[in-house]
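Here it is, the structure in full.
Chain lettering (A, B, C, D and E) follows the sequence in which the chains are written, and residue indices restart at 1 in each chain.
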Amino acid sequence: MAEVNVQSVPLKQTDEQIISPWREAWRTLRKNKLALVGMGIIVFFVLVAILAPLLAPYPYDVGDLKMKNQPPSEEHWFGTDYNGRDVLSRVIYGARISLWVGTFAVIGSVVVGTILGLLSGYYGRWVDTLISRIFDIMLAFPSILLAIAIVAILGPSLQNALLAIAVINIPTFGRLVRSRVLSLKEEEFVMAARAIGMKDSRILLQHILPNSMAPIIVTGTLGIATAIIEAAALGFLGLGAQAPEPEWGKMLSDSRQYIQKAPWTVIFPGLSIMLTVLGFNLIGDGLRDALDPRMKN
Amino acid sequence: PPTEPAKTEQPAQTPAPAPEPAKEGPKQLIVGRGGDSVGLDPIRETDGESFKVTENIYDTLVGYEEESTKVVPSLAEKWEVSPDGLTYTFTLRKGVKFHDGTDFNAEAVKWNFERWMDKSNPFHNQDGYYYYNDMFGGYKGDANHVIKSVEAVDPGTVKFTLNYPLAPFIQNLGMSPFAIASPTAVQAAGADGFTEKPVGTGPFKFKEWKRNDTITLEKNPDYWNAGYPKVDTLVFKAIPENTARLTALINGEIDLMDGLNPDDAEDVKANSELQLILRPSMNIGYIGFNVEKEPFNNQKVREAISHAINKPEIIEAFFAGLGQPAVNPMPPTLWGHNDSIKDREFNLDKAKQLLAEAGFPNGFKTQFWAMPVPRPYMPDGVKIAEAIQQDLKKIGVETEIVTMEWATYLEKTRIGEQTMFMLGWTGDNGDPDNFLATLLDKNNIDGNNNTRWANEEASQLMMKAKQASTQSEREQLYKQVQEIIFKDVPMVPLAHSTPALAARANVVDYKPHPKGSESLEKVDIK
Amino acid sequence: MSQPVLHIENLQTHFFTDRGQIPAVDGVSIKVHKGEVVGIVGESGCGKSVTSLSIMKLVPNPPGKIVGGTIRFKGEDLVTASEKRMREIRGNEIAMIFQEPMTSLNPVFTIGDQIGEAVRIHTKASKKESRQRAIEMLKKVGIPRAEAIVDEYPHQLSGGMRQRVMIAMAMACNPELLIADEPTTALDVTIQAQILDLMRQLNRDADTAVLLITHDLGVVAQMCHRVVVMYAGKVIEEGDVRTILKEPKHPYTIGLLNSLPKLEESQERLYSIPGNVPIPGSLTTGCRFAPRCEQAVDRCRQEMPELVAVGENHRSRCWLSV
Amino acid sequence: MAEELLVVSNLKKYYPITGGVLGGEVGVVKAVDDISFSVKKGETLGLVGESGCGKSTTGRALLRLIEPTAGEIRFDGVDVMNLKPDDMRKMRRDMQIVFQDPFASLNPRHNVERILEEPLIVHGIGTSAERKKKVAEMLEVVGLNSYHARRYPHQFSGGQRQRIGIARALMLKPKLIVADEPVSALDVSIQSQVLNLMQDLQKDMGLTYLFIAHDLSVVRHISNRVGVMYLGRIVELTTSSQLYSNPLHPYTQALMSAVPTPDPDVVRERVILEGDVPSPANPPGGCTFHTRCPRVKDKCRTVRPEFQEIEKNHFVACHLYNQA
Amino acid sequence: MALLSYSIRRILMLIPVLLGMSIVVFSIIRAIPGDPALTILGEKASAQALADLREALGLNHPWYIQYFDYLKQIITGDLGVSLHSGASIAKEIGPYLAATAELTIFSMCFAIIIGVNAGIISAWKQNSWFDYIAMLIALIGVSMPIFWLGLMEQWLFAQELKWLPSVGRDNSRDPIQAITHFYIVDAMLAGRWDQFREVVEHLILPGIALGTIPMAIIARITRSSMLEVMRADYVRTARAKGMAQFGVVYKHALKNALIPVLTVIGLQTGLLLGGAVLTETIFGWPGVGRYIFTAIGNRDYPVIQSGILVIATIFVLINLLVDLLYAYIDPRIKYR
């Protein structure tokens, strides 16, 4: 931290002493064991997703009907499903879908939400009123119901599920950014930026947005967790990924009639959803502790 | 039909203790099913779940024999047809009363038919009556309307005069929607209200309806068929999940269920507390081609695909053997089925070769529309589609499985948006016309001919068959039609499934009817 | 002199944090006699609040812990006292008021509730009696419309009123010692004058011993009999208020007094102590003030001086004053 | 007489209060209610008053960081109120502000170099290298070292941060600096460092200060003239020596007497005011001080006293002196 | 008075939201592809019949006419008639709502009782083994896909262990006489404790499935809120008064800590109402979620419209209730 005496004990400049807020957050995060576990889980699933073609012992979409619903064995570690397909391979490829949907849905809502939030918070007046009312109205619907309705309009498919999830989460981020803007607008350093004659647009991009990043990142990470569950829920209702895509929620839903006969077809996809979501939640929690200035004293 | 082990007799010997030992006192029969009824005014309804209930509350003038579509007396004890086929005189059963205590008589029959046929009748439904319209050529005043008049000759006799002869007239009268309702009750409840307060002459009286949950019926002690019904209370319980329904059955929460997963049939057989019951099949599940669209306008492509579908394996895997491979678009149990047609074998090489001949040596990409909901003729559309997809891949045909909401699916396949698709049909009255013409007559394009196959020759033959007077003549014509269909392959008939049901072992005398619904008056609990 | 009400000896309260052990209070000794007002002064972070919380044993634990010394309250050592005993003492024999009147009152309970609660915890008073007592106390601290105010919530009162309420709450059980941790820092001068006036009056009337914590030497001058000056967790000078303010011995105290702008006279330029207040735990050897001290000699940087008597009732921790 | 750098006349800032059933505007907070004063080139004008009396609002309204409700502001001969936004931005080179809270006024995500360089970038001054050099120079000027440039605000102590804040204000070599309680958050020993720094800078760079504080001793020490504010109005304005030796307004008198002096021997006649400061949302009529004034007269309750020059350079708004 | 004005303001603020909701719902429904006429008549309908029905249903009018008709209708409390069943939705939806409400309330009680207390104890005994285990469970809880949990529960407790019934609301062999359609209440009205037990047994599995996520969320938020409040000055004040830790935690800290918890409870209750569709499907619960979901499949426009609108309205009302509760718990709110 700061040194004792400026005038009399000059300290040498070393890199060690320059601690940017992000570095500081990273340090805190590194000390958080649970967050590390979360990162471990996510890194694992990301690797699985990337290396799916190498890792998966069988194709995910072709099976042998004669081998349907086989219990876990040496050849099929997670058993086979109703079409005789290898559950492990499907779970592995499913990681791609879930991570893809979770990440991109959240990126979509973050981008749109942030833009709307910035506009709404900074320009105020009718822009704010309009955007805020739209958010209010969207938030007045239970989100899954809204997602179902959107997918019903667009037709069931993975892309549309992604879109629906992105749309329903826009108000969350929009409101977050808006409230950050509103409070940052009153902060003295923003006032100071105006005092030196800075333009509004520059203030928005250089001062307000970077200082809103921390909560956006935290909420975004937790949002990925939610988005994965939402995508799986839509898949479960038949409104998300379509056969033979190995989306975990869809796998659960397709296999649930065999739950007694072939529980492995239901257990493994479910566990995968839970673990991935858990991973993101752990990271999100860790990030919140690391980034949220309130916890920092 | 697969032989059943003598499970049905077993319970008599082994006193299998049910979780809830048969109590002295009122007998309950709880029937689990996939969905709730839409309404209980049968003439308005079109869905099987409604008829399953209404058949227990109402009777029709004539009925069908157990497990077949042969007509037998019901509210009418006998009938006479005039030689010109234009006059039908029914002698009604005497002493029959509606549940509300009013008499069943010729006036009541006349009142019901007038309600149905006359759009200006105050109790006619504004949306019309689908089955009436369909079976009797429209409503009063319409060009093709069949029924000219209904006369109550005396309380026990009712006379129908037709505008023109209609061979299946009697057959039609046995259909579930044409059940006789109590005129007093309809008048009291109003045309809309009656659907929730049904009153008929049937074995059970309506008691309570908890929507999406249960419909409770009570024994009609004055039922005309003496000795029936056997149980005191009949409950229909909606449990949407097949697995959950089976669990409920195993746990003794229900006594009888339909929509058993074919896969679970073995388990049911193996469970001494349960019995497996099979419904005689009268359906067809098929893979259709939109013959108006590339590349399915090419007969060779269609034929190639029909060689690439492994029917036996699919039936084994998804019908759990409870079904038979279909060759023609109508079940073999119906008269007129062409048994001499031999099915194309599963042969990927041949398929490939045909594709090459058609100009697709490397295959092609296409959509494959799969049914989103289980139907009796197709227990799990998407899974079957996935299985077919795997095989088609081997001949270079890459398919993208498309599903959508059932209603959308029906609508879009009807207007021809689909390419290759999956659908099916359950017969209504056991007439070949109800299958062949419905599914493949060119006049039914935009209707139920979803392949949009317009074959002049076949259509003319079918028209001829409708008007032909003898059954053997009709039979001949229909067989010819089937040959044309087989050759041109507008569809690949996949299977005639045998819908599976399960019951607790102590349920006896349950005889499921091929048309999908039946009265449960004879069912008893031992 | 009689036995002091409070006698702290060599108190050490440390915080155990990620960044290491922080000796926030590092060997503090303070005596407070009956009826006496003792001031603790020092700059932010020097350990004033931690000292006062240690007396009440309210130092958040973890991370804080009293690691040494004794706190004798009327002869009884509070460091070893049970939590149960502490609860009897808190609010009853020793009461405390805090710096932030805005946040020290619970926003969701009425004023009456909160004062009455203090009474009910320590006496068998009924709800009605305690409410009566609350009204009585509010009147005593000069709150108008006391009967109405008891039913109001803290947010309905101004800062000055809230601090009066805090005082009323603290005095409700007639404590023998009142610890006031910067009771007026958050208030405006005119309001501060009111509150100080009130405290003086209460001290006089009830003969309550007061430990007044502040960083404002002006407040000390007005209120205290004796003063303890703290720097970086240690007492560096101690004595009568007059001695400390008029004839300070420690360079820090001297510097502090000189760096104050005066209202009475205009100065061209203020004296300023160079450097910054040290971060607790960041120091190693020697006198803690040495890095900022203009008179520091080598010894100061190597050895920590003891607190030694430099006059009657006057002690200082400096090699120069030895 | 020195030239007047800033002339403020009849400045008002009313904040709307929303509420009520329809959430509309139900009233105003009269944060600044019709004040006039001027600042001469090279002098320090102090503004002192209790919390919420409108000091900060005044300071910010002057720079149009918040839009004044009404009034006239002339800065260096320019009518600031009627400047277009873009001209206003340019104008800001000459008028800067230092904030009270050294923690809040620096962007925690920018390092010191960036913070100090920003004003130059905004106004397109110099090349990157020149700017970096200027930053280094300025750091030395405010008593920091140039190796601090890459550090982030949280790595500095409060006093150091306040120096950075001052350095930022100085980067554009402004004519006027509004210092909004620059030392209130600092410890006594640090406070004197900063006060000395500000005085030195003023001397070296010929700065003009509007110095806002609630601590009377600090204001008196640093200012040439002092304005005393109460509830959005200036009640007395005079030289700092006059203010101490001859306070005229009863509020000023009470304020002076309430300041505790670190000298046990000084026995001042105490005027302890009754009650609290009324809410600016609902200020008393007439003289706003009448509710607490020990010398209140009937007239005070109804008539707002004029802000008048009673003696040379001594302005007071009080009916006690109005007859004169 | 202030509370009243605040309440009135909050209620008035609902109007634009409700209006906006009706527009959203209306347009969502118009945008859904698919023909309701076909739905009604089913797969066996003829083309002519379909055209006639479309005419009869007013589906041929321009959309704005349809919207204003719709608005007029709902303002008068007429939710329309289900295309599918032909029954009045206002009448039909009651029992569904009751079923969902009963399940939701049960789940929320479960979630609140366990969640709040676990959160309190975790905060109180921070870093104890209880804290670690409770928070680990809570973390897993928030990561749990409820449909999977539901399936697993059903498999384990109904199918394998047979401890609890797997589907439905009551024992069909001894059905509840529905009066209020809240079966717990109905069983009590009938004075049938055996039925009451059955109803509770039926509630347990779906209730836990539905309540797990809110429980976990509530536990976490309660804990962090408590931790924050426990650091507050007024808590220190309470302790300085000599108050025992129990009183400090449950009186001073809890009431303040409940404020964010309340928001979450309100939000979650609303989400459960909508999210129950998954649980309702798995456990054969005749609730409103499934009602709407089926209606979407059936293109039952009026039901979708009114169903979503009713749920969203309830959601909004719950949030209103929460806001008013705030004002009750937190006296400062009234003045905002």
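Basically, a residue touches a chain if its C-beta (ideal position, glycine included) is under 8 Å from a C-beta of that chain, and two chains touch if they have at least 3 such contacts.
Just so we're on the same page, UniProt names per chain: A, E = ABC transporter permease; C = ABC transporter ATP-binding protein; D = Dipeptide ABC transporter ATP-binding protein.
As the structure is a prediction and not an experimental result, all values here were calculated from the model.
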Joint neighbours of subunit C and subunit A (ABC transporter permease), given as chain labels: D, E
Chain located farthest away, centre of subunit D as origin (C-alpha): B
Interface with more contacting C-beta pairs, comparing B-E to A-B: B-E
Distance from the mean Cα position of subunit C to that of subunit B, given in whole angstrom: 89
Distance between chain centroids, defined by C-alpha means - subunit A (ABC transporter permease), subunit B (Å): 48
Separation of subunit A (ABC transporter permease) from subunit E (ABC transporter permease), taking each centre as the mean of its C-alpha atoms, in whole Å: 25
Cα-centroid distance, subunit C relative to subunit D, in whole angstrom: 32
Subunit E (ABC transporter permease) residues counted as touching two or more neighbouring chains: 33, 154, 159, 281, 296, 335
Residues of subunit D whose C-beta touches two or more other chains: 157, 160
In subunit B, residues with contacts to at least two other chains: 241, 405, 408
Sites on subunit E (ABC transporter permease) touched by subunit C in the complex: 127, 231-244, 252, 255-256, 329-332, 335
In the complex, subunit C residues that touch subunit D: 43-44, 158-161, 188-194, 196-197, 215-222, 241-242, 245-246, 255-257, 259-264, 266-267, 269-274, 276-277
In the complex, subunit C residues that touch subunit E (ABC transporter permease): 56, 58, 60, 62, 86-92, 95-96, 98, 100, 103-109, 114, 117-118, 121-122, 153, 155-156, 166, 169
Subunit A (ABC transporter permease) contact footprint on subunit D (complex, rising order): 60, 63, 65, 89-93, 96-97, 99-101, 104-109, 111, 118-119, 122-123, 143-145, 147, 150-152, 154-157, 160, 165, 168-169, 171-172
Partner subunit B, residues of subunit E (ABC transporter permease) touching it in the complex: 33-36, 38-47, 49, 52-53, 56, 84-87, 92, 95-96, 99, 154, 158-159, 162, 165-169, 171-173, 175, 178, 281-284, 286-287, 290-291, 294, 296-299
